[in-house]
Each structure stands twice: as C-alpha cells, then as structure tokens.
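Below: one structure in structure tokens.
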Amino acid sequence: GCTTDPSVAPSEEAAEPTEEAIDWFDQALFDKQDAERDVVPEGPDGQPWLQYINAEFVDTAQYASEGAKKACFANASISNPWRQTGWITMNEQLKVLQEAGAISEMETRDAQDSDDTQIADIDYFINEGDCDVFIISPNSTAAMTPAVQRACDTGKPVIVFDRGVQTDCPVTFIHPIGGFAWGIDTAEFLIDRLDEGDKVVALRILPGVDVLEQRWAAAEKLFDEAGIDAVDYFTGADPAEIKKIISDELAKGDVAGVWMDAGDGAVAAIEAFEDAGVDYPVMTGEDEMSFLRKWKETGLDGLAPVYSNFQWRTPLLAAQMIFAGQQVPKEWVLPQVPIEAGELDQYLALNENMPDGHYAKFGGEDLPGYPQVWEDRIIP
Amino acid sequence: MTVAATETRSAGQRLAELGRVLVSPRGAVFLLLAVLLVAIVVLNPSFAEPGQFIRFVQRVAPVAIVAIGQYFVIVGGEFDLSMGSVVTAQVVIAGNLIGQDESRSLPVLALMLAFGALVGLVNGLIVSFLRVPSFIATLGMMLALLGGVLYWTGGAATGNPADGFREIGRGGIRGIPVLEILPWSVVVLAVVLAAAIWFTKRPFGRTVIALGDNPVTARYSGTRSWWVKTATFIISSLSATIAGVLLVGYAGVHPSVGRGYEFTAITAVVLGGVVLGGGRGWVVAAAAGAFSLEALFTLLNFAGVPSTYRDAVQGAIIILAVAYSATVFRARRRGRATPTSQASGASDASAEGPDATAPARPAPIPSTPRADNETKGGS
Amino acid sequence: MTDATTAPPTGDATAETAPVLVASGLEKSFFGVPVLHGVGLELRAGEVHGLVGENGAGKSTFMKILAGVYERDAGTVELGGRPVDFHHPVEAAHAGLATVFQEFNLLPERTVAENVFLGREPRRRGVVDRRGMLRRTRELLAELGIDAIDADAPVRSLTVAEQQIVEIVKALSTGARVIQMDEPTAALADHEVELLAAIIRRLQERGVAILYVSHRLKEIFDLCDTITVLKDGALVSTSPAADLDTDELVRRMVGRSIETYYPDPEPGTELGEPRLELRGAGNAYVEGVDLEVRSGEIVGVAGLQGSGRTELVEGVFGITPFTRGSMRIDGRELRIGTARQAVKAGIALVAEDRKAQGLAVNQSIADNALLVIRSVFARRTREVRRELPGVLSSLEVVSRGLDQEVQFLSGGNQQKVVLAKWLAAGPRVVLFDEPTRGIDVGAKVAVYRLMRRLAKEGVAILMISSELPEVIGMSDRIVVMHDGRASSELPARSDEATILAAATGTLRLGGAGGTDATDAGGAR
Amino acid sequence: MSAAPVASAPSARRPARRRRRLDATLIVGIALVGVIVIGAILVATVGRNFFSPGNIRDILTGMSVLGFVAIGQTFVILGASLDLSVPYVVSLSSLIAADLMRGNPANIPVAVLAALGVAALIGLANGLIVTKLHVNGFIATLGVGLIIKGYLDTNYKGTSGNVPWDFQLIGATGLGPVPVSTLIMFGVALLAALFLARTRTGHHLYAVGGNEQVARFSGIRTARPLIIAHMLCSITAAFAGLLLASRLGVGSPTVGTQGGYDLLSIAAVVLGGTLLMGGRGSIWGTIGGVAIFAVVDNVMSVMQVNPFLKDVVRGVVIVAAVAVYTSRRLDRRRPRFGVGAPAAALPAPAALPEPVEGRLPEPVEGRLPELVEGSRAASTSSATEPGSATEPGPATGVGAATDSKGGAR
C-alpha cells in the first residue's frame, strides 16, 4: 500500500520562510561573528581544529558506545581546490582514527555540487548505509534541511560542517566563524589603507552560495559606510575572466583595491596590474598558496583571509568524541584568523612544496601522510 | 561569356557593394563589430588608443583562435564540444609538466601539440568510423577529458608554468612605436588567422567546405571523407591547444580556464554567419564573431551593466543576429534562386511542392548517420 | 494521327458513364519552355487509361497539374462535373483525386498504417485511433488482395514494391475516385508487376478511374482500356487499347528523326584497346555483368528504372564495390573499393542525381569544378585552376562569373559544371548516368558533343540513359540491363522496340541481334 | 538455400519483422539489463545488494528529474531540434513555484499552474524562434537559456520561497521502494508516449522530424508540431523544477545547472535510441537511457568512485553506447542479390522459372539455370560474412532512396 516513509516527517524548522535570503545581510549574525573574531578560542593549543569559540556544549552520553564505528559522509563536492585540500586532510584524519580503532570505515557519497543528488545520497545512507554517524557537508543550506532532518530522525548522531542547515537537530554544526567575519576582516583591512572614494573591484565566484554571499554582504556594507566605491563581478573563478575584468576596470580608471570572496584566481588579478604597468593594489585574497606566493613575490600590501580549511579534520574527531560520550559544542565555531603580512614567510616555509591549489591553514602537519599526500594531491 | 565582367568599377559602386556586403548575412558580423567598437569608444575614448586596443586584441586572441578551429569543424558539417576541455587539459598539462623548469618548455609544448592532435584524431575516428554523431562523441570527450585531467591533478594544478613559457600569452615585443607593446598573442592570432585563410583557400580547405555542403558529392568526387573530417577535428583540437598555450600565459593555470569555450566558440562562429550543418561560412567572419562577442562583454563592462545581465544580453544578441542572417538569406535565396534551381530539378518532385522554394528549416544538428553517410568507411 | 478522342472506352460494363475527370487544353511551360500544348483527356469510372510517351513527353507534368503540384498556364480540369483548381496534392486527394508520384513520399521510420494516414489520422474520442488506423489499413490491403504487408511494420522494412503498394493504399485511403499512377512499376520486378496489375484490376472493378503511366508497353496493353499518346508535350492520339498493337503504339510514340540531333562521331575516332572490362562482376545489387568498353567507344546502357543501371556504374566507381568477378582498367586488374580509388584509376562518374551527388550547390562554380582535383590530385590544383575559364567556356557555361554559386545556375549549366569537374581530372573511363536528365536541348547537344570529343581523345564511355533515342543516337553498342543483370547486348542503331523488349525481359531470342547475358560481349 | 524463398510464405517473415520493429527500444532494454547485471555484480563485490529497496529507491530517485527533462527533450529531438534552455527553465520553475507557495498549501495549485504556464511561454518562444525566425534550435535555445539565466542571476541571490509540507511529500514519499516522484515521472512518460502515439500532433512531429518535405507534401503544417514540442519540452522541464522544489523545500536558481540537465538529457535521449537528426525514437527508449545513466551513477556512487573518474566513465559510456547503436549497418537500399535479398514479402522474386511466373505470358529468357547457379553461389559466399547486408540499418530504406533521388538536403 501507500506508505509514507517512516523517516519522513514534517520539519518545523524548515517551514520558516527563507525569503530574507534574497538579501544576505543579517545584522544579528554580523554582530555575532564580528564579536567572535576577537574571542580567544578555547581548546587544545596548537590544534585549532579542536578549538572552539563561545561554545555551548551538548551532552552526548546517549551515543556513547564501544568499538569502531562506521561513518557516512555526504559530501557536497570536491570541485574546487579548497574542498579538495580539505578532502585529502579528512582522509588522512580518517586513517588516524581507523588506526585508533574509533572509526571502522567511512563511506562517502559525493553529490558533485547537486542539491538533488545530495538529498538522494543522504536518503541512501539512511536506508542502506548501515551508518553509525552521519557527516554532512551540505551543498546548500535551505535545500538540505529536510534531508538532514531525516538523518536526525534515525536517532544516529549527525554532524554538519562547513555550510549549515536550518535545523538544530544535528549533534554539532562545525564551521569557522563565517562569511561575515571574512567580510569584516577584509573590508576593514582595505578601508584602513584606502581613502574615501577609492575604487575597489570585488571579484566574486558565483551568486547564490551563502558562505560566499555573506562575505560580500558584510564587505559591501562596510565599504558603503566608508565611502569606498566598490564594484562587484562574478568570475566563475576563471583567471582569464578576472584578468579581463581588471583590465577593463583599469581602462576606465584607477583601481586602488581588490577584494576577493575566494582566493582562486588572485594571481591573475595581480598580473592584470603588472600587465597594465600600474601599481599594485591593496588586496585581499585567501590562504591559497598561489596567492601567498604571488604576494610574497610582488611585495604588495595584502591580507589572506582564511576560511579555515582545517575544519575538515574536525567532523571525524567530533564523531570520535560523541561515541566516547564526550561533550561537544552544539555549534562548534572554529577559529578563523587571517594571515597577515608578518606571518607570510612562516606559512610559505611551512608549505614550501605544496601545489598552488593548496591552502596554507590546512592543519594537517601532524597527520601520517604529511607532506607527501598533499604535495602529490592524491584524491582518494 | 564565362568570365566575370572585370572592368574597373567606380568608387561609388564599390561603396554600394561594400554596403551590400555589410548588410548581407556574410558581412553582418563586421557591421555588428563596428557598432560595438564605436559604442565602446563612445563610453570610453581611451579604448581607441592603439595601446589599449591592442590589449583588447590580445585578450580576444584565445577565443578567436578557438573560434577559428571550431569554424573548420562546423563548416565541415560537425560540432566540437570538447574544445573547452582541451583548453583546460592543455593549461593544466603546461602547469604540471613545465613547472618552473623553463628548459622543458619546448618538449612539453611538443607534447601538448601531440596530445591535442590525438584528441582530435580520436574525435574524428569516433565520428567517422563508429558513426557516433559528433555532438555526442565530443560531448563524451568533453566529460572524459575534463574528468581525466582533474583526476590526474587532484583537481588543481601544481602551479603556473615558468614565466618564459607564459611569456607567449602574457608578454610581447616591447618598444613598438605606436603600440608600445605588440603582444605575442596578437602575433599568434595573426599567424593563425593567416594560416586559416590560407588553409581555406588550399585544396584541403575547399574540400572541407564541400564536404560540409554535400558529403555525398564529396565522396562521389573522390574525397577521403573520413580523413578530411578527422583533420577538421584535429585542427580544432590543435587550435584549442594554441588557445591553451596563450591562456596559460594570459591567465595562469586553473581548472576553470577554458570552461564554456566550446559554446563561446560555436556562438562566435554562428555569429560570423557560418551555417550550422556545414558548407557555408567564412573563417574571417568566424574570427570577427569572436571579436564581436568579446566586444560585447567589454561594452557591458564599460557600461557598468551588472554582470548578471550579461548573459541575457548575449542571448538576445545571438538570437537576433542569427535570425537576421537566416531571414535575409532566405529572402535572398527565394528571390534569386527560384528560376534556375527549379529548372534543374528534373528528378525532385518532392522539392516541387507548392511551397517548395522554401529551403528546409536551418539544418538540424548535423550528425553522422545521415542517409548519405559512407557505408564503407573510406579507403 | 488524330484518332477520334471521342471513342468510348471498350472497358467493362462502365462504358457509357459520364466522365469523372475531364481535362482539356492544358498548357504548361517552364521558364518559357513549353512542355505541354493543349493536352486533354477524359477518364471514366472503372476505366484504366494509359498515358504513354517518350521521356520528357510531358506525362509527369500533366499529372502534376491535375494533382495541384503545378499551376497550369491554361486549360480546364473538371472533376465529377465541377471545375477544379487544386493548389496542393492534399487538396486534390480530398476532392477524390489521388496521385502516386514517381518518387516516394513515405517516412521510412513510420509504420505502414501511419504513413497511409499521414496528415489525416483518424480520431476517436479525441485521440488518434490507432487500432482503427491499423484496421482500415489492413482492410485496404486486404481489398487489394495483399496479405504480405504488415500494416504495423515500419516502411523501411519493406521492399520497393511493397512501398509502392503502400503509396497506392495511401492514395486509396482518401476514398479517391480517380487515382493517377506515375510509373508505379518502374522499380518492380515482373512478378511484382503482376501483383500490381491484380490490384489495379480490383480497383477497376470498384469503379475507380485510373490514369496510368508506364514505359512497359506490355503492361499498358494488359491493363489499359484506353491509351493516350503524348509526344513532345502534345497529344498524339487517344484510342481504345483494342485498336492498337505494339508496333502501332511505338510508331505513334516515336517517329522523330534523331539523326539531326545527335552529332556524328568526330572524324578520326578510333576504337582502341579495352579500357574497362568487367567479368562476372556482381554485388548485392547487380550480378554477373560482363562488359567491355574500348578506348574511343561509347557504350549505351538501357533498361527500365530500377533495372540496376545506376548500381552497375556505382559498382565500377567503388560506391558499392563489386564483391564478385573481376574488373580491369586498361588491362590491369583492379579492386576498386572506394570512389577515391576509382578516380585515381582514371574513372569518372557523372552521377544521376546532379544536386545530390554531383554538386555542392552552395559553393561556387570554380569550387565545384575543382572539387575532384582538390581532393584527389591536389598538387595539380593551380594548373587546373588556370585552365578553368577556358574549360568552362569550351563547355559554354553561362554564368556571371567563376564565383557564382552553383545553386543559382540552370540545370544545363549545372550539368556542365559537373562535366568540367571531371574533365579536369583527365579521366580515361567516363561513366555517364542520365547525363541529359532535365536539361534543355542546347545543353544536351553540348553534352553529346563533349562525349564525341572525349571518344576521339581515346576515352572509354559508358552512358546510361532512359531516353532511348539518346541511347540509339549516341551508342556504338547498347547493353540492356534487366533486373540487375546485363541481359542483352545490341548493336548500334537497334530500334526502340527491340530495346524496350529486351528491357522488359520480353525479348525473344534471336530477335534483332539480341542475345542473353551469357552470350553478351561477344568480343571476348 | 536459393530455393527456400519461393516456399517462404508471407507469414514466415512476420517474426523477423517484429524483431526489427522492436529494435531501437529493445537494444536500449538489452543495454539496460546488461548495465544492471554488471552493476549488480560490481555492487556485490563491495558487499552490497543492488536490489535492496534503498538502492532501488536511490536509482529511481536519480531517474526522476532527469527523466522529466529527457522526456521533453525527446519531443524536440524527434522534431529535429534541440533544447539547451532546459536547465534554466528547471531553475526558474522551481523558484516560481516555491515563491508563490510561500509555505501555504492553499497556494499550491496557483503556484504549479504559474510555473507550468511560464514554462509553456518559454517553450512557445523557443518554438517560434526556431520555426518562424528560422534560427537553428541549438542557437535559439542557447540564447533563450542565457536570457533566463540573466534573469535568474539578477533577481535571485540564492534559494528562495518555501514549499509547504504537503507539496514536499511528493518528493519525499514512496510506494514501497518506488518514490512518488518516479511514479509521476512514469505517468508523464506514459502521457508523452500516448501523445506521440495517439495524437495527430504526435504523429506529425515524427513526420516533421523525419522528412519535412514529405510532411509538407502530406498537408501537414510543419511549424505547429515543432512549436508544440518545444512547449511540451519546457513544460516537462517545469515538472522537473517542481519536483526539485518539492525535494529541496525551496526554489533554487542554480538547481537546473547543477544537474547539467541540458547535455545529459540530450545524451540520455540519444542513448535511448532516438536519432539526433529526428524522426525516429521513443519515450521508452529515453526512459531506458535515463535508467542507464541512473544505474551507472548509482553503481559508481556505491563503489565510491572518485568523482572525477565518474565523469570519465560517463563520457565513455555515452560514446560507447551510441556507437553500439549506430554501428549496425546503414544500408541505402535493399540488396537484390546475396544474403536475405530474395526473402521478399511478395511472392518470391523471379529467381526461378516456377509456376508463380507461369502466369506471365512470356517466360523471361534471360534467366537461365546458370544464372540461378550464380546467384546461389553468390548468396552462399556472402552468407559467410556475418551480419552483412541482411537487415536494413536504422536509417535506411525509402528515406535514403528518396533522398538520393530527390536530392533533398
């Protein structure tokens, strides 16, 4: 007969309207993240992936149990260098935990950037995965909410990281401070160095991705308040596109600063200034090696904001803690500290042989495959 | 009575002729380009400075070269959807294999060319011998190639290749009087375009067009169809390779370099009045199509049109441009062709229907298993 | 010559009924060239009316005017007593006049039933009544006594004859009172013709009037009650079949002097060594062909449509390579598997369908003329290009210039471009397939003169033509094809009746020097 | 052997013909079964059950959205056009629906109708541009797609709207292992198949795609079927959008492009045996093609294949499958001599001086025993060639014959 899947039930949280999503600026979130930037994280020293900010712990005694567990990971994709780097790190972390007997195996389904696929992936895990814990890196926030809700309804622990969902049913939601913090860090840096009326070109990858949109929402607001003339473009992270945009902007007039919502293609942006024979702009990129190297080489005035790549280690560690019955933060806010000019050499040295698409704050230095696995960029 | 009247024409007649060419489907793209360039200059006079303009040409070079390569495939009656992936693959190959070791530039360049030729060869053989429609064959190649490259590199290349290699796409001959710099890209584009023009005038180039126009006739005339077809795919992959070399210099290595180039190239070629389905079109117009597209983007940048609108404007423009050519061409064809083409049709009852003057709607996707396809698979 | 057009048909009981269709004084010219001059005829219910005449006599044109494919220039057509003027064959079909054209109008991928009802699918409760369609088609087929055609089979799986029947069924399905058939048996084998004849008789019994065009005179006499003869677009006679015999009919159809029309061999033309020799050549389409064409010789190939003439030359030319037997060019045994090899071996094929096989119509005259050179002998392009204007003017190509697109040329000039294309390659064997199809007299003569010139230069020529006068007028020897075989070989100047007899397979041994295939090519 | 054909009663040919008729769809079916078998084995090697309810459900879910789009794509491809605008129509309709529903079940009908209506208008625009402005379908729909994309990017900055629970049920419930969405998709497929088989427009669409001249000669107004095909294509894309909205709970401006539905749907259609040049194909073939994709994807996911390699496999599968379909011989004409040739439906060809021919007043002189001998030798010799000229390939027959005669190009 006609059966409604037992695991399917209306989720209260999902019912709240998401129309405000059209305007990405959210004052409360902005203020929260602004404050979190200045909080000294708690947790083990030297292990930022285990640190947390303003944590509110939840009890996980109900999940405590012996033995190696099976983790099921519904990944959004590995379609950009940041996710690739994190994915490598996560697999190295997995090896450690397998060694330790905490995790027996991790089954992964990769949604290849598709919401629909990821929903199906989660449902597959629920039905067939034989999972002890669900780890989910949502492809998009609102769309993944019902599926995550269904995963929660199985009674197994659910860990969400990177992007969030609109339900608080997961045991823990792991993420760095967030897009607003990124936007504040970068905008403040540029505003500090620029004058009112100066032009900033904002290079953005895609519309409609919340972690990226929030970065721009914060930055745009601050630029606005500071009287900085900021124009934004979507580039698809294509360096050729970026170069054309900067060239056209330079043809129109001076560009004093460049702002990026992700470091991909930063080099092309800088080169556009070189090619045009004008001075380097003040610039914010990301902790991607290509940018750090170019930054060093050109000596420009820059900042590398960080969307902490080491967060890819945390979910599996959180799973281990949950099965050990240890408390974990309900919302696990990881530190997110930009790399400033002073630290540049240090990070360059640390990651000397890493490929350009590697992220300096990947946090895997103590993992077994280091550095070979990242240098060779072996994608499992 | 055979030879055209070649008395010298007056300047007025020439001008009138030029005007006619410009509004004809063949010349429309040049008109479009001129309008766009003028509009850009109005918005930003500095664009007209030689130094600025040559930078524009430099930037268009890769797209134009890809369009030139795609031209050969399209005019031969097929499609190449794998060009974008070839560009990406080549960019990544250059980044990974050359690295910072400048001495590897030449060997790797040779390898890239060989790889490009191989991709084209595979495309061509699949289309010719397995008779997979080129749309599908090159779509498969597009997926497989991009996936393969990403798999090989773990998604991101090691880094940009040595500056010496990148000089081709980035640098130029400095100290040129008016221009101050003559980018190598422009030189390469000029060479490629000249080679393409030369090629289209060569027996081989004419054969490609004839094959696109009527594969049966080409076969009945002794054309080695499979090879001609395969050669066009090789040309397009090689042109994508050259574009890759320029792009790795101009932009650097990134897996998104080259993304969407196949559609851009096809759009440019169609804007240039080349007929999908083959047999008609001029390679210079195809290159002009690429220039028009880029000029359009530049214009939108200068006009401060939000980048989200660009796609919409591009979409509207290509529809209008193609509709214009199609309509004008039909009108012209109907007006001029009726008497003679009818007289010749002794055996085509089906073409003599009441409204038979109207040619079939623009060719559907050309695909290999046409009734006229070689059944024996060439020599 | 003008037997009374009023003579009542001697058909069955239907004799004195009023005519269903009356056409009178039909005139038509194409671009100033008159094709029909005041042709008219009457069709009665239950009558089979034969329309005969040489190629180009205007038979198809006449039918197409009736069917509304062409507009008439003058004249009237009455259907069932009411004047009609159709603008589309569908319109005519709805009014009860259906046409089976010389070319098929079927969709190969669709089923028989779907083709039969294409454009007028029956509906029940708003949806296409497939079952009804199938049933109706089956009924129609059954009425015609056909049980071998599955109404639900895709047309592509049918033989040409079966497809022909589908066309007829399609015509019948409109409930037509008049059906015109343009050479329906052209592509059929004899037993299939017999089947069609049975169908036609059945239609006749049902009171359908049939206008029937065929070149097979035996068939005409078997089937028709009345026979109308056309010649050069004019009506020669309409008379009861019973009043005619084959000789008389042929006399009325022919009877034009061909000597003036076909140029004599150029002085100094010599028959040399065999250039093209086939021994038992065969493939899926032709079988056991023995043939020899000498240097300087023009061999004509006659045969009905579908007799495999085109397939023969396509075999020689490597389009559908021979799989059996042997082929020699200039005494050298060759296996030619592709057109390219054929061209390299010095063979040229002036193909039957100019637009589909001979020209790239969107390209210029020069591009077309250079096509072979460019794709096979690329190195000679420059040289040939230089000579091109001379070649084209020697062929009297009329154009606005070398860069004019071929599609804007007249048919005759298009054909000359095809000739120029092959001349450039300097062939030693030229295969002409219907070289003068659809071109005007002037262009025809130019083609004939070219053949003579080539012959003089020592080229071996094989010429397929459906126009018997042409075959007779040009050939040094005549090979007649029948059902895929070179059934007979006739000497030059054989008369039309003999050739026709050989072509229809009714030639008696011993007649007019005809022999059967095994004895053909006595030169061996 | 050469004597047999004479005896062959018409009925003897029936089975062969049936087989030929089923061809395209049958081959897709066989390919699908092959893929399933291989898939099941592979899945078993990693200790999973391919046929478990959850896995079936995963496959069927994977089929639904692409299935909708591919059904529509089948229409346009049958009409010898293309639709590259589908991903944007999918996104747009998901947004329209979710925005209008605003979480209120009462709004569902309006929202659904609005989404379908807008899609129909887009399809109408596509169809008109193709048929009236004579712009190639490739360019026309690429352009329209870009225009919609511009609209989406400008007006939506991320997911939007809210789909009420009642509507989400469509995407979330199932009948046993079969999701409701898949059932709806099959329902739409059934309607689509009925449309093609049972409406005049459907029949005419095949005709227009197969041979526009023949269609016109049969009195069909050729623009109409193609315009309707484009509209239906956009409408089924809107169905896909609605389903996605129901699964996501929100509308999304990128959900269409995420799925790559433009090229994948075309590939699925061709994989399903439909000719890219139009005129032949079936909805069920397309569903088969979609199923092949879904199974391949599912197996790769279960095997945890590297996502990059997945694309490689997809590319190879597409080319290989289509190559298998087209590799069957495309004969232009039926053979007269050699294998299979004499087996005509009509009483045997005149290969023998038999009573059948006895009715002919004058037996044909040319056909002497040695020729019969020859043809026997011929047929045996070419019989050794396996799978040779016997069967007319996919695109053979009259089309080819009339084409070469009529020079239609």
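By written order: A, B, C and D. Residues from 1 in each chain.
Criterion: a residue touches a chain if its C-beta (ideal position, glycine included) is under 8 Å from a C-beta of that chain, and two chains touch if they have at least 3 such contacts.
Here's who's who by UniProt: B, D = Autoinducer 2 import system permease protein LsrD; C = Sugar ABC transporter ATP-binding protein.
Since we're looking at a predicted model, the values are computed, not measured.
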| item | value |
| --- | --- |
| Which of B-D and A-B has more C-beta contact pairs | B-D |
| Centrality ranking, top chain (CA atoms only) | D |
| Farthest-lying chain, centroid of Cα atoms versus that of chain D | A |
| Computed distance of Cα centres, chain B from chain A, in Å | 39 |
| Geometric centre distance via CA averages, chain C-chain A, whole Å | 75 |
| Between chain D and chain B, distance of the C-alpha-averaged centres to the nearest whole Å | 30 |
| Centre-to-centre distance between chain D and chain C (centres being mean Cα positions), rounded to whole Å | 38 |
| Multi-partner residues of chain D (at least 2 other chains) | 153, 214, 217, 306, 308, 310, 395-396, 399-400, 402-409 |
| For chain A, residues that touch 2 or more chains besides their own | 78-79, 207, 234, 379 |
| Residue numbers of chain C (touch at least two other chains) | 88-89, 103, 105, 353-357 |
| Chain-chain contacts as defined at top | A-B, A-D, B-C, B-D, C-D |
| For the chain D and chain A complex, residues of the former touching the latter | 48, 52-55, 57-58, 61-62, 65, 99, 102-103, 153, 156-162, 164-165, 168-169, 172-176, 244, 247-250, 252-255, 258-259, 301, 304, 306-308, 310 |
| Touch list for chain B against partner chain A, complex | 44, 46-47, 52, 55, 59, 62, 95, 151, 153-160, 170, 247, 250-254, 256-257, 259, 297-298, 301-302, 304, 307-308 |
| Complex contacts: residues of chain D adjacent to chain C | 10, 13-14, 17, 20-21, 194, 197-200, 202-204, 206-207, 210-211, 214-215, 217-220, 279-280, 333-338, 341, 344-350, 356-357, 359-362, 364-366, 368, 370-371, 374-375, 378, 381-382, 389, 392, 395-409 |
| In the complex, chain A residues that touch chain B | 78-81, 84, 88, 207, 231-234, 236-240, 242-245, 247-249, 251-252, 264-265, 267-268, 271, 275-276, 289-290, 293, 355-358, 376-379 |
| Residue numbers on chain A that touch chain D, as the complex places them | 1-5, 8, 10, 14-19, 21-24, 77-79, 107-110, 112-117, 119-121, 123-124, 126-128, 139-143, 145-146, 150, 206-210, 213, 234, 379-380 |
